[in-house]
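In the two complexes below, chain A is the common chain; its partner is chain B in one and chain C in the other.
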Partner chain A sequence: MLFLILLLMAAPLLAEPPETVTTNAACLRCHGMKTLAYRHPQTGKIVDLFIEQFAISHSVHGKLACTECHDGDFAHYPHHAETQQRSLSCVECHEQQDDAAKRHYRFTTIDAEYAKSIHATSAETEAATFNCHSCHDPHRFHASQIGDSLATIIHNDNALCFTCHEQARIKHAWLPNRERHWETVRCLDCHTPVTNAEQAVSHHILSAADSNHDCVNCHSKNSQLLNRLYRYRAASDVASQGWLNTAIFNEAYVVGMSRSAVLDRLALAIIGLTLLILLAHGIGRYRAQQRLLRKQ
Partner chain B sequence: MSAIYLYPRWVRIWHWLNAFLFAILIASGASLHFTGNSWLLDFAIARPVHNISGLLLIVSWFVFIIGNVMTDNGRHYRVQWRGFFGRLFSQGRYYAVGIFRNEPHPFHPSEAMKLNTLQQLSYLGVMYVLMPLLVISGGAFLLAVYLPDTIFGLGSIWVVAMLHLTVAYSLVLFVLVHLYIITTGDTVTTNLRAMLTGWHRDDQQETTK
Partner chain C sequence: MNHLLIKKWWALTMVRRITIGVMSVLVVTLIYKVLYPLAFEFYVGKTNAPLTYSSSQELTPEAFELLAQELSRETRQQQAATIVATDQDPFARQVKIELLMNTPSVIKDSEPAHIRYFRDAGIRRYEGPKTCLQCHATIRIQHGDGTHATLDTLNDLVNSVHFKFQTEAGGFSTYGYDGRQVNSGAHKIPVGKINRACGIPGSFSWTGWAALIASRPEAQQDAIRLRSEGCGQCHIGGNYQPATEKMMPIGDVPNDAKEGIDCLICHATEYDMNQRYVIKDHQGLRWNQDRSLRSALTVGTIDSDTCLRCHQHNMGGDTYQHNVAAQSLGYINQRLLHHGAKRGNPFSPQDDVHAAAGMECTDCHVPEGHRIPRGRKGVDLVANDLPNKEVTCESCHTSAPHHQSRDKALLNGHVARLACETCHIKELTADNVVLRDWVHSTWNAKEGIFEPTDIYRSGAAGKGFTFLWFNGNGTFLANALGNHPDKTLNYNPLMQQVARITDPDIIATVRTKATELKQQYPEIDVDAYVTAATEPLSQLNPELLVQREVMIATNLSAAMNQGESRIYPFKLFNAMMYEDMSNQGAFGAMILPFDYARYYETGDSAAAVKVAIADPIIQRMYQEPFKRYMMDEFMAYFGIMDGWKTIYPLVNNQLVNVEAHWMRQMGTLMVNHGIQRQGHACIACHAPNGIMNFAQLGYSPERVAELEQIDDIVPSLNSAAQSDGQ
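Our next item is the complex of A and B:
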């Protein structure tokens, strides 16, 4: 009798239709396998279907269920062609968030900026399939974390660009101290126009020709670019180290930022002149002293 | 010959610590500003050295202010307006003309007033105008994230940088003149000894008495 009651209680569980068991764990049973991939029949390229569990759980989308983005009937294998081909809209989903208007990044702005970027307008065949996911892998992307060092943030940021831009090293041969620049400045800092402070970084990636080539824009001039660079660094420093450490070890100083040719020349001239006057004064005093000694 | 105790111990300790910080800040600041020159400090070293010394200089400045409020050392910085311009002129004339004619010093330090008018004026300018500006602009650099984007329509970092630089150059100028004026006592080392021992020896003072 007891067995029967237990069986009855368990019946709804046993009878649950397979359509609703698409939990993340269920998806990752297959997609968590490193070798899950297939060869695309048209292009012949290997399409990787592996989702790294650690990466997704630590990504910005880590708290979402797979089905929140991939809606449709995935309970059956092979999945229906129709469900597989649904495209995802980042902007739509992100703008639907309750706090979308208050967020640091407005996705409508990002969308508008991206539309103007070289990634969207280039006629190159490589750029034809470019979309948000080309840079921001939704299964592993996370914004820079508080606590990461500035060097790590910059390294990760730039590594993203270098995955496609293999020629970057050769094309930046003109840049003095290239490696030093790449360690301390993001690619984006030169390859985007300066935007207002509301949106920290523009998604309007410029072509090589339109990008900043002028050293003076960062080093010495009264420019927004310098402000952005300095304050971005100071902000990430404060976030990761607290203000006292930031004050001591701040990495924000941009060489030449405080340099003003006019002020430097003027000050050095005045200092030089003062030294000459002091020297002459000293000689005059010495001679007066000698005169006094001779008299005595 | 007479000797008066002009510089209490705390003033002397503060003075030499402050002088030490000035030397380090000028050397490291120049290394940041003109980085790349072989005779300067390495940029990676100069940066934390300048930041730490700068923070210590802020502490040092507060020690000076608090010391002047707590002790009677502050009286030396109170300007006596009666005969001010006359004293300023005679001090200026002494450095420009009288010193070459072996004329006696127009000013004799006393316990009531250890600074001549020209000295007093330059110290007031340095400690109560330039130093606060230096500290504010230096602090603004370190905590740039809290600055507004623009000040007076100009990029705030640039405004801060130019202010810091101008004040720094002015203080370098002060240090140069200060170092030279030290040698203009009764003997070349009279004033230097006074700041080391606290006692000011005045040979002329006795003869003129």
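Our next item is the complex of A and C:
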């Protein structure tokens, strides 16, 4: 919610009209001020208008000029109310890209999924102004990088949800080993419908009631998780570490999921062998005693 | 047989051992409690004696009740007036109010609380701390984290900065010119006040605690009028000297001195400042107090008025028109007012937005018992009882304090780089003193005294105060430390801003003043005088100058680069004083105190130094024990690495190796009060030749150009801040 207000307010201030020669630096002369902000008269919350130069230049939008997204008359200070209220269309822009049709996960798909999402369908007043930017700050968003530790990815991902869902802890009281789950599994992994192996995790965020409560969905050989976070992980790990290291240092150990048939058989064999030895030892002692008794 | 002998011998040995043990404890106690204080008094040449005050008078029960009635009359009347109906004949109403206000129920509700306490306890005379401690032996305090503690009240006070004004503890944000944080190492020394604006600096409050000046106002045809002067007027100890004992690692302030503590000057709502004057008794000079029962009966919660009895002195100044205490100078021996304000930023409803909003000092400076926080940022070497407790604007105003202006977001944007005070203290009072010459005194005909000559006063931005990067640290001689966020090497205030005055207006004023002084002091070389006053580094020889630059670069850069700096306003101050040149370094030499009476009465500044340094405690300062105990360490912080030279500068009543100099740099004092609702307009800084020298603040030439010319983005800039405020 706050994010949304923030972005609606912040975003349009970022550009100048096309007729003036505009560089991002011109926008950042004001928006680069760390404390550029104001208290929203209705909510009383601080609306942050600061654009961190390092974050934006390292974001997926780092190569764009501010004016590519924020088109409007920003030559005037303060920026006109009309320009300030103009909303941004992520889908439209992303679909206009040359490679849009070739994308594995198209923005139209995202849009369609999002439309079904609880964020879009909820009647809660808090959800009324929800949009892409509520989760994806366009000024700092970047996809998880190969090399980021799984824990970091999960932490950052979940932190985003927790900024609004302050009650999550209470509502997940039922979940065994809750903190451990939150350290190793993304909220999304349970709160989106299962998708096929080729599809990324859906933007169709489910309501609490519709979300996955079945432990076995993950804690099984055919775990849902393998289609999700860990799929990316396995691929990236193999790419960077080779399959042997991946097998040994597998971060993706999940009870019930990470089964190796060889290991299972090996373990069974060891147990069987142990039992056999015990039996042989018992028989040996029995026979030795019988022999002693006979001698007496 | 043998066995019995051994037993007997053993018993005897035990008895002997126990006796020796008890005796040694007794001897140690005797030495510590009796011999040590006597030896210490003898060593420092100070004495203690029971203190009496003429205002401490016993009242009869009848007089007590009359006083009680008088003190509560106004509140009783107000309370009755709110109850009695208004829709009636005025005379009838008046009669009813008078009836009601004298009923026990109204009296009970509106009488100051201590009237009843004293009445019930049978207290008919106020006798200082003794009286207060009857009920307030302990005090329950709340720490910043919400936890509580119960403390011994007297002990809490006696160890507070308000009583001893120094500390051997750490917690200073002050860095020596040798690069060490003051008292952060193993060798801790008692320090806590180097008052750059005063000619009686720091521990020299010994020599200037209480003085009687024989003034000769011209209006009274040279008749002598005694006037009071000295550090003790603003300190709560009523003794003949400050709490010297507190400077030692052992020992305590004598009980006589503790009985001299003035509780009422802070705690009484109606303290009579006319009782604050110097009195002379058979022991010597000390400060009188209001110990009347009347004052004691008005004890209530602390408010700004009580704090400002002393603290307006260092904010608005003595001659500030709304300085309430300065309106009551004493029934006799009236206190002398110090001309030229130390900071020129008054805290009063007329000149400060927070005072006007009815806020009390303790709203921001939230006390814990008798310990009151100064805030974590401190540029000067002043002891802080609660060094970790924040006193900030942001704690109330948040980081987005502007709500009203069209430019609120832009104004809030400045918070990352500027302190609130930078815009919201637009000017200091005009009598803010910048350059003060203690050496060449000037006759004040009205007061009939010789005063130090103020060479330059100004309350204007860029003249009376400047802007510096500040991260909360300061040097040993009160220079703000901080750095441009880019940590550029261009920013070097100790070689630039505070070591050089380049403003032609100021230089011209100094020249005029020097020319005036020359009429009285023909030996003055005006050109040399102006150079020394405006370029104090010109007084350093080339080696010291090089040493200074090296020390700044190697010793101070860490303290400058700490944390995040913001630009703050700093009142500038420098003084010409006598210095002991045996103890000179790259940042200055040990300054010598003046004897107030001799100075004010004769104007002979050198003679006044001679009198002051003849004081036994200054002589002790120039001896080996004091050198080892603290002065070597003190000098290291001062930037003098080869120790304190114990070459006593007075031989056969002649000053030896003593010279008059300006300190090698200006001191910079934080200004945080006198906050104005309407801050500076943008254009005050964002224009060529604005009040802020961006280049000296370490900005690159390109950035300076950008900062000075922002009307390309904000065309309506000039009027931008007109609707400012919060």
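Heads up, the rule we're going with is that the second predicted complex is superposed on the first by the 207 of 296 C-alpha atoms of A that agree within 3 Å, B and C clash if a C-alpha of one lies under 4 Å from a C-alpha of the other, contacts with A are read in each partner's own complex, and residues count from 1 in each chain.
To be clear about the criterion, a residue touches a chain if its C-beta (ideal position, glycine included) is under 8 Å from a C-beta of that chain, and two chains touch if they have at least 3 such contacts.
Everything quoted here is computed from the prediction, not taken from an experiment.
Of the two partner chains placed by the overlay, only chain C lies in contact with A:26; chain B stays clear of it. By the touch criterion defined above, A:174 reaches neither chain B nor chain C.
In the superposition on chain A, A:271 makes contact with chain B only, not with chain C. By the document's definition of touching, of the two partners only chain C reaches A:78; chain B does not.
When both complexes are overlaid on chain A, the residue A:49 reaches chain C alone and has no touch with chain B. Touch criterion met: A:263 reaches chain B, while chain C stays clear of it. The wider contact with chain A, measured as residues touched, comes from B rather than the other of chain B and chain C. Touch criterion met: A:34 reaches chain C, while chain B stays clear of it.
Taken in their complex, chain C has these residues touching chain A: 398-400, 402-403, 406-410, 412-417, 706, 710, 713-716. Within the complex, the chain A residues that touch chain C are 26, 29-30, 33-39, 41, 46, 49-50, 77-78. If you check the complex, the residues on chain B that touch chain A are 32-33, 35-36, 43, 47-48, 51-52, 55, 95, 99-102, 139, 141-145, 147, 149, 154-158, 161-162, 164-166, 169, 172-173, 176-177, 180, 183-184. Only residues 197, 221-224, 226-227, 230-231, 234-235, 237-238, 243, 246-250, 252-253, 255-260, 263, 267, 270-271, 274-275, 278, 281-282, 284-285, 287-289, 291-292 of chain A touch chain B when the two sit together in their complex.
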